[in-house]
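There are structures below to look over.
What follows is chain A paired twice: with chain B in the first complex and chain C in the second.
This part shows the complex of A and B:
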């Protein structure tokens, strides 16, 4: 049987980074990717937070195919006839070390994979790994079609579905409650139109996080500016979507039909449509990261920080891959690849800032399950502002009075207080 | 025995869009790859290699940056790729392409069998096979659906549209394969790993082929000036009849009006 020191399954940010780090250390590394080219099968919103990434790929923005530096963030509540926004712009985010970049994975992933290859890893694309080879509870290699390839340790970076782990009996199935469906379009627009609509320049761009207008299904929408296109999508809880009886594209179409969104995307040509289930990545759902002969990195390990305001998967994947690679090198030094020796990965990961952020925002998970956040409050915010900003011919009232009027028949003060407390717990306190 | 398969590095035609205003083809930014017909050529060549134990090289006209695009071809069982660095960016007229390919094949001599597609994925000019056979003074066995080594030569089943014709010819020969006759095999991980060790040699037209660009250019007789799509308009009509019978009557009336059906009751 052909052997490598390490086999990495998947050439996304986690797999490519692990492959690069291990090849740099002189190991004989095989990276297997099922898509014809890395990134071709990927569905990602496409916002890459840059600080943690720059620690692994110094000043990557000078070399990697990034789209725009995100220097404007819009947090928007979409009511049926209103939109209420918080508009944040930062000059600091437009200069090194930046904060986030919009990326197109079909371009970014091949670049990351090339970094691994240049470090000496063997990348094989277009080959599906069918199974992990398990002997006496220990992962000893992979099965791909007729071929079995052995390795001291397998890095499972297969992405969010986690099929190999499930099939090998190393993980249970997903609970639908913990899974979202992302539906995304890439809409081509000329750069000058994007820059005018989003009030940015040739190098910078905007990220919109939108709540509401998802047909009452818990979730949210996003709009990110690329160089000559927009990434537009919705991510909704899959059990709620199922219960609503609506098709994913209907939710996206309704979202795009909201006047605010419509004005931003109009005239563009849809050049790509994709959908992907994604684990919601709650901290309390953290999974086993190591076992005998294997480690799990990136979204295969359900590593995702989602606190409504930011959604961090790619930088978490890269960070986890670096820590996994370091733990593998330590295990190699010890000459043993058991769950115990590889367990150092877990300790290392827990010490990273992104892991700690994940824990800090752990209560944000419950927020996404509060339907009022997605259906009632966006309208309520709009209605209150409508009352305050409209110079009516009838006498008006102050903010609290306006809120009281708007709340009538929709929710009690008690419910509102409880929800505010929940939001505060998740994001503020 | 030595086999050479000719592979075109061509635009992915499924990605080409037509400008709605001018009908011109938008070819800018369209990704390039080894053509689908050309993968069939490689499959036919690999089968012949397996049947005869021959050596098999691929000649491709492509930019040097396309080196990595031949991994699949090598994984299928090709021994080596000769990449002629294309100074014309894929825009060369068929006459020039044929001269480049001829020079490369002569440099690889002895070559017993040259295999190519009946046409390319993108250009679809049908010219390279016949013109190259003429320049190489070899018999052309066109539109092959079956290729069998026989008595020191080849037996080939040719698809002549309305009939199949079986012919034999001595070597050396040039065979062009028919569309979809040799669906490319799926390669395995081990195939891909072995392919990593196989060479892709880049040849310059002046350094390795001894041709001059100026001379090639002056030999061109035909220049492409404009490429537009042909617009086909489809009618869409919804039949509104109450039941199937009424809808059928409506359909027949509509087809009669359109002049598609004649003499219906």
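This part shows the complex of A and C:
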């Protein structure tokens, strides 16, 4: 049986980074990717938060295929015919170390994989890992077609679906309540149109996070500017999706038909339609991170920070891969790769700032269970402002009166105050 | 905004037509246990798939696997909201969807 020190399953951000770190340390590493070219199977909304990534790939923005530095964030509540927005701009986010970049995975992932190869890792693409080889409860290698390949330790970085972990009985079932489907279009637009429409310059761009207008289905929408295209999509919880009886592409179409979204995508040409699942990121959802002979990194371990306004999976994947690699090196020094020696990965991960963020926002998940956030409040916000801003022929009222009018028959003051408290607990306090 | 500047929404088929696939003509990567479907009244597979790979035809589920975007939704939806009839494998190495943007 052919042998490597380490086999990495998957060349996404987690797998490529683990491969690079271990090869840099002089280990004999094999990275196996099922796509013919890394990235060809991968979809994200597209914001790569840069601070943690720059610690691993210093000044990556000078070399990596990033699209635009995101210097403007719009948080929008979409009512049926209204939109209420918070417009945040930061000049700081337009200069190093930046905050986030828009990226397209079919471009980013090959770059990451090349970094691993340049560090000395062997990469094979277009090959499926069909199973993890398990002997006496210990992962000892992989099965790929007719080939069995052995390794001291396997880094499982297979992404959200986690089919190999499932097959080997190493993770619990996915729950449609905890997993969302993202459907996305890449819409081509000339750079000068993007820059004018989104008020940015040649290097910078904007990110819109939109709540509401998913027809009451729990989820939200996004619009991110790339160099010469927009990434436009909706992310909806799977249980809520099938309860709604609406097809995902119809929810996307309804979102794109909202007047605000329509204006932003106008004249663009759809060049790709894609879909992918993502865990909603609950702190309580993480799978087991280590066992005898293996570690799990990135979204295969359900590592994802989601505080409604930001979704951080790629940087978490990269951070976790680095910590996994360090733990493997430490275990190697100790001369054994058991759950106990590799367990160091968990300790290391807990010390990272992204893990701390994950804990900090653990109450934000409750928010995502609150249907009023997706259906009632976006409309309510618009209605209150409409009452305040419209010079009607009937007498108007102050904000509280307007809110009271808008609330009528939809929710009680008690419900409203409980929800506000929940929002405060999740995001503010 | 003028009506002329507004392009109509693309049909799902037109959208799937924009994507690049390496189709495995030999075998489907999706297996359905049709006996299990017989007792399935909710059929979430028909709703959830972003490519409408599953259709109810002739009293059973027909699977247009060649349109699959490999998102993983159907497996979760059928396991929990259906009867656990779907076994979704990853397509044979190199086959299936190949995103150009992602």
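Throughout what follows, the second predicted complex is superposed on the first by the 429 of 429 C-alpha atoms of A that agree within 3 Å, B and C clash if a C-alpha of one lies under 4 Å from a C-alpha of the other, contacts with A are read in each partner's own complex, and residues count from 1 in each chain.
Definition applied: a residue touches a chain if its C-beta (ideal position, glycine included) is under 8 Å from a C-beta of that chain, and two chains touch if they have at least 3 such contacts.
Given the structure is predicted, the values throughout are model-derived calculations rather than measurements.
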| item | value |
| --- | --- |
| Combined model on chain A where chain B meets chain C, clash or fit | fit |
| Touched partner set for A:150, first chain B, second chain C, both or neither | neither |
| Degrees between the directions from chain A toward chain B and toward chain C, using C-alpha centres, nearest 10 | 50 |
| Contacts of A:127 with chain B and chain C, given as first, second, both or neither | both |
| Dominant toucher of chain A (residue count), chain B or chain C | C |
| Chain B versus chain C as contact partner of A:97, first or second or both or neither | neither |
| Partner chain in contact with A:273 - chain B first, chain C second, else both or neither | second |
| Touched partner set for A:343, first chain B, second chain C, both or neither | neither |
| Contacts of A:2 with chain B and chain C, given as first, second, both or neither | first |
| Lowest C-alpha to C-alpha distance for chain C against chain B (Å) | 7 |
| On chain A, the residue positions that both chain B and chain C contact, one per complex | 125-127, 145 |
| Complex interface listing, chain B residues touching chain A | 71-72, 186-190, 192-193, 196 |
| Chain A contact footprint on chain C (complex, rising order) | 1, 5-7, 9-10, 12, 15-16, 18-19, 22, 42, 44, 47-52, 69-73, 75-77, 79-81, 88-90, 92-94, 96-102 |
| Contact set on chain A toward chain C in their complex | 34-37, 39-44, 104-107, 109, 125-128, 145, 160-161, 163, 173-176, 179, 181, 183, 185-186, 229, 231, 238-239, 241-242, 244-249, 253, 256-257, 262-263, 266-267, 269-277 |
| Complex contact set, residues of chain A against chain B | 2, 30, 32, 122, 124-127, 144-147, 149 |
